[in-house]
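Look for subunit A in each of the two complexes below; its partner is subunit B in the first and subunit C in the second.
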Partner chain A sequence: MSTLIARRFLGLVAIALLSSFVVFLIPFITPGDPVRKLLRARMDVGPADAAAVQAYAQQFGLDAPLWRQFLSWVTRFLTGDMGISYTSLTPVFDQVMPATAITLTLAGGAMVVAVLISLALGLVCAVSTGRWPDRVITSFTHALVSIPEYAIAPLLVVIFALKLALLPSAGWAGPASWVLPIVVLALRPISFFTVAVRSGMLDALAKEHIVAARARGLGERRTVLTHVIPHGLLPLWTMMGVWFAGLLGGSVIVEVIFAIPGMGRLVYEAVLNADIPVAQGGVVVVVVLAVVVTTLVDLGHVAFDPTVRSRIRHA
Partner chain B sequence: MRFARPFALAAVALSVTLTTGCGAATAPTGAPNANNDGRIVVANFRAPVSNWALETDDAYILSIAGCLETMTRYDQTQQKVVPMLSESWEQTAAKQWDFKLRAGVKFQDGTPMDAKAVAGSLNHVLGATAPARAFNSKFIDAVKEIDATTVRVTTVNEDPLLPYRVASVNTGILSPASYTDKGIDPFGHCTGPFEPVSEKPSQSLTVDRNSEYWGGKVALAGGEIRFIAEGATRATQVQTGEADISMSIPAASLDALDTDKSLSLEKTDSPRTATLYMNNSRAPFNNVELRRAAQLSLDLNAISSSVYEGAAAPATGPFAPSEPWANKELAVPQQDLEKARKLVAESGYKAGKPLEVIAIVERAEFADVAAIIQANFAEAGLEVSVVTKEYGAVEPDLLAGNYDMVLSQRNRMIDIANPIGFLQADYTCEGSYNLSHYCNVSYDKLVQQAGSETDEKLRNELYRKAGDILTEDAANVWVVNEQAIDGVRNEVQGYVQDPLTRYILTATLSKSS
Partner chain C sequence: MRRSHARRCNLELWPPLLFITLATLSVVLLPILVPMDPDAQSLANRLEGPSLAKPFGTDHLGRDIFSRIVYGGRFSLAIAAIATIATSTIGVCLGLLSAMKRGWIDEFLTRTNDMLLALPEIVVALLVIAIMGPGFASMIVAVTIMGWTPTARLVRSLSFEILSKDYVEVARHLGCSKWFIIRHHVIPGLASPVMAQTALRFGLLLVGLGALSYLGVGVQPPQSDWGSMLADAQPYAARAPWGLLAPGAAIFIVTLSITLLGNAITHRTGRRDLLLIEANSPDKKASHVQ
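Right, the complex of A and B next:
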């Protein structure tokens, strides 16, 4: 267990450094001058004055060689200083942390909804294999996969905000405003999770120990609750970790449509505006969270799955 | 195998979902009827990104929120500069202006707005690393207090447009206490009818009525400016009633809002013209005949009605017809393919490698406009290819003259409420933003003359003549004049649309129950 955690920690450092370097390079390798992009983010007018460009570059050390700029950022970051935003001139930490909290709520909420619904749907599918509930749910979940978020989000807004006036159409001002974005983000995981739960349950139902439990006279409900569901949850657990990590930085579209100041939007806009410190700080936080989540998932696997525990013991 | 109650567990799981993920779905915070007691919600397209630095676009947000005020104000209705924080001004020498401050004005923190505070505010903007385009050391030499109520501004050259410069939101006046080590703190430090009381970063700014407002009673109790970048979301907000005013409604949402009886669409000419810039400095568009052929080959009416769906009017020239310096006699150039083909032939243009039109990706509709341009040009005998590029990526090539055509747009009055900056930067031989690399000495003389003309009527006449030269020389093809379209709910009263998006929450704006 401790070896696994140590290995993950080393991996975390390497991935964080690599991804922050890639983000750092984006404004420099894409066409256009990063300093002009910065100034355009602050003032949406024609070309920036050459003197202003030079002064701004000097103020932030953007005229220094790339390797020195990156090294300077790493040195500061290691002492806990995420730097100053080039556009707002405020500490990056003050922008990244609120966005992280919002994204964790958004992604966490989506995961909770997706897990509960897919658990229910997957279970129904498994116990009614080949019959109409299975067919209807399977078709429904397949349809969900093919509907992109930018299409389903406006549709739900029209129904629940415009026509029914039940929910706000946008913003991040309390639980009511969380519902639509969380549901939109949950839809695709629901479809994947349901398939995973269904196959996990079917796999469990065919296991010898289940057959034996039934033969010993264990009731159907108890069999499902104590043997089938725990077994069927394992593939769901794995997928949940991957999806959650993905949503931490990948919910940009939903955040833009619903005007949510989350991490995806923060990093996306920072990259567009060449606000390198914000982009780097955001990416490192996302990477750290993603690695922590996937490590927790792996540890959960060890805890829940006796076969994995056994493999580790014998390794 | 069969399960006795296949939906039993599903129901349990779903009920858990409803009590956790969705359980708190009670009355939405921004739902209809939540906005009462004379408070107004504005859905704005712009969010503050620069920690309220006044030399940046953040100043616009403080201005529309009714917090930030300037020495003078450009009145759209009268089309002239009128007093605001200064009650009068006078050009006391060729390069010197004295502004007499309005008596009795206090900042929201209770301190008096005196000449020292005003000079301090203006000098702060002047000293910014990347200063405001309207008010910087290229134009302004010094700002100082003469006495408690007089501020003197010395200009680098004779500048009859200085009263316009100090109407720019970037020259807003804040209390000395707002200038802190951590940046600008506008909370409680403005002079306007509304005082900012709270901010949700990247989401909204809430303001309350300033009961001590120098301009008299403030009708509304307060308001909220929401920062919503997505146009469709802004449109939905005004439809649902979550917002009372939504700015910059996109063309795709116009139909839905137009049929909604609970609101109206306010439209006015914006100072933005979508323009097909042609590189006048190299072949083939260094030939005026070919540029005229390009103009005649385009069906501007079709572009306006199909791509913009009524959100923009076909352009008659470099200015919108409603602007005081526009030539009112100019009509929309009509497509004349026969004449265009003739001009193409006369220009000596030989078809070879297709000419390239760059469509700027920041404006999604430009790709569609470029496609129509491509088809129109083909009918006139001009073969064209279309590429889409990010503006920042292509700007160096544009400024260096390494392109054929680019479809872009420009705000003529973002610096000051006057086209002088646009006419100088975009079309004079040495203009800093002369993308078309147009050069005409007669034009330059006219613009120079306009820049020093003190009589506003005569100055506008010079602008008109300069615009006529550009039209005659077919410097570019001005495609459509974009319209500023705001959605306003019927309960809102006294809303005056500002095409420059500087003023929304004013002392007279109100809301019926």
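Right, the complex of A and C next:
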């Protein structure tokens, strides 16, 4: 188990470094003079004449080989110095951190809603396979996947905010403003999670150890509670990891529509404004968070699933 | 029991197929058969409701929404189709490569795949567009970088399954070449699961590419697709909701149809577990072998 954790941790560091390297390269591969772009990211006013540019470049080590620049860039990142935004002229770090907190709340809320609803729907499906509740719910989940968020969100705003005046139409101030974005963000996960719960439960019910438990004379209730449900939830657990990681940056659409100052919108606006330092900071934070979440979920999967555990032990 | 199952499959197969054919035909043929100008502005008739002459009403510049849907559909469907073909082709090739070569190539591709799975798709797409600038090519590159992974994972695990079958072993002993085994045993076994997966991917890509256009980093004006039409209509949503409903419904109906089609193909293969392939994690491989 500890070697596994060590291996996963190394993988995590490798992915984080590799993707930061790609992000680090942005100023060098986009059109324009990289040195000037890098200087703009370090000082709030750019030097005008060529001699000054050269002097500053030397002072900041921008004439060093690429790998050394990368190392010092990463070191500065780790200490929280992500450079200065081109547009707001404030440190990127001060913009990234509050945005991360908001996006984590948004994605976390959507996950909780999606898991609760899809557990109920998936269990109903699993106990009624082939009959009408199963068919109705399955069709419903197909419909949910096919609805684009950017079509349903404005419609919900028109209905609930403008016509009924029940909820605020945009912003991130208080629980009432969280409802619409979280609901819209939860729609797709609900449909994927429901399918996962349904098939997980059906798989679990058909497993030999369930038959064995019944043959041993274990009561139906205990069989379901101790053997079917824990086993049947494994696909949901795996999927939750992928989706939570995806929602961290994938909430761009919802954040733009509802004017939520989260991570997705920060990166999106940075890309539109060619604000390289903000885009770099945002992407690196999103990627590292996503990779950490995925790794934790994988480790949790190992801890929960006895068959995976024993396979690792014998490997 | 068997008959009712067959009937359900047909219900899942024919109506979606009809819708997709209808959508494709109208996008390709209508502009040729019926004279329409999607860019003709008429400010006197702006934000008009649906009528006989203009079945979906008009937008904020008085342009006919119906003809804009038809013309916009050309972009939406064509880009999604190109991206689907690109992602599926790359996915199949790399998946086969993994399964046939094994060793470090397989290890490398699988690790890359796991790594990409952890990244948020739309952030990567934004990054690609930041580097390449908006446009058709960067839209396709943006979704292809991430999009090949589910197909590659599917092809890899299915190929491993097929390659461990007795008939492949027999073929090997008979002296058949690797290429022969791929052509005559592996590819026929992959065909329908990959088709099902491709259909599902088309739906997801249609929605995803629409999102890029909606955000203004996809199809650029003066051209427009269903995603950018939604973005244009949003400020007038309360006064003219049909501007949102028409492109929204267009994406919804095509995506739902193609998803159902993918499901119908999957049900014919009798492998319901394949629908879950998207959630495949490195430790889940074993559960695909029944």
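To be clear about the criterion, the second predicted complex is superposed on the first by the 225 of 315 C-alpha atoms of A that agree within 3 Å, B and C clash if a C-alpha of one lies under 4 Å from a C-alpha of the other, contacts with A are read in each partner's own complex, and residues count from 1 in each chain.
Just so we're on the same page, a residue touches a chain if its C-beta (ideal position, glycine included) is under 8 Å from a C-beta of that chain, and two chains touch if they have at least 3 such contacts.
Computed from a predicted structure; not experimentally measured.
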Which of subunit B and subunit C A:Val224 touches, first, second, both or neither: first
Partner chain in contact with A:Ser177 - subunit B first, subunit C second, else both or neither: first
First (subunit B), second (subunit C), both or neither touched by A:Met239: second
Touched partner set for A:Pro98, first subunit B, second subunit C, both or neither: first
Which superposed partner A:Pro154 touches (first subunit B, second subunit C, both, neither): both
Partner chain(s) touched by A:Gly264 [first = subunit B, second = subunit C, both, neither]: second
Which superposed partner A:Val252 touches (first subunit B, second subunit C, both, neither): second
Touched partner set for A:Leu162, first subunit B, second subunit C, both or neither: both
Touching partner for A:Thr30 - first (subunit B), second (subunit C), both, neither: both
Intersection of subunit A interface sets (partners subunit B, subunit C): 30, 154, 157-158, 162, 256-257
Complex interface listing, subunit B residues touching subunit A: 1-4, 6-7, 9-14, 16-17, 20-32, 49-51, 53, 55-57, 129-133, 136, 138, 182-183, 200-204, 226-230, 232-233, 236-237, 239-240, 242, 389-390, 392-396, 399, 410-411, 414-415, 425, 432-433
Touching residues on subunit A, where the partner in the complex is subunit B: 30-33, 36-37, 39-49, 52-53, 55-56, 59, 87-90, 95, 98, 109, 112-113, 116-117, 119-121, 123-124, 127-129, 133, 154, 157-158, 161-162, 165-179, 182-183, 186, 205, 220-221, 224-225, 256-259, 261, 265-266, 269, 273
Interface residues, subunit C side, partner subunit A - complex: 111, 114-115, 117-123, 126-127, 129-131, 203-204, 207, 210-211, 214-217, 227, 230-231, 233-234, 237-238, 241, 244-245, 247-248, 251-252, 255-256, 259-260, 263, 272-273, 275-276, 278-279, 281-284, 286-287
Residues of subunit A that touch subunit C when the two form their complex: 11, 15, 18-19, 22-23, 26, 29-30, 142-143, 145-152, 154-155, 157-158, 162-163, 192, 195-196, 199, 203, 235, 238-239, 241-242, 245-250, 252-253, 256-257, 264, 267-268, 271-272, 274, 279, 283, 286-287, 290-291, 294, 297-298, 301-302, 305, 307-308, 311
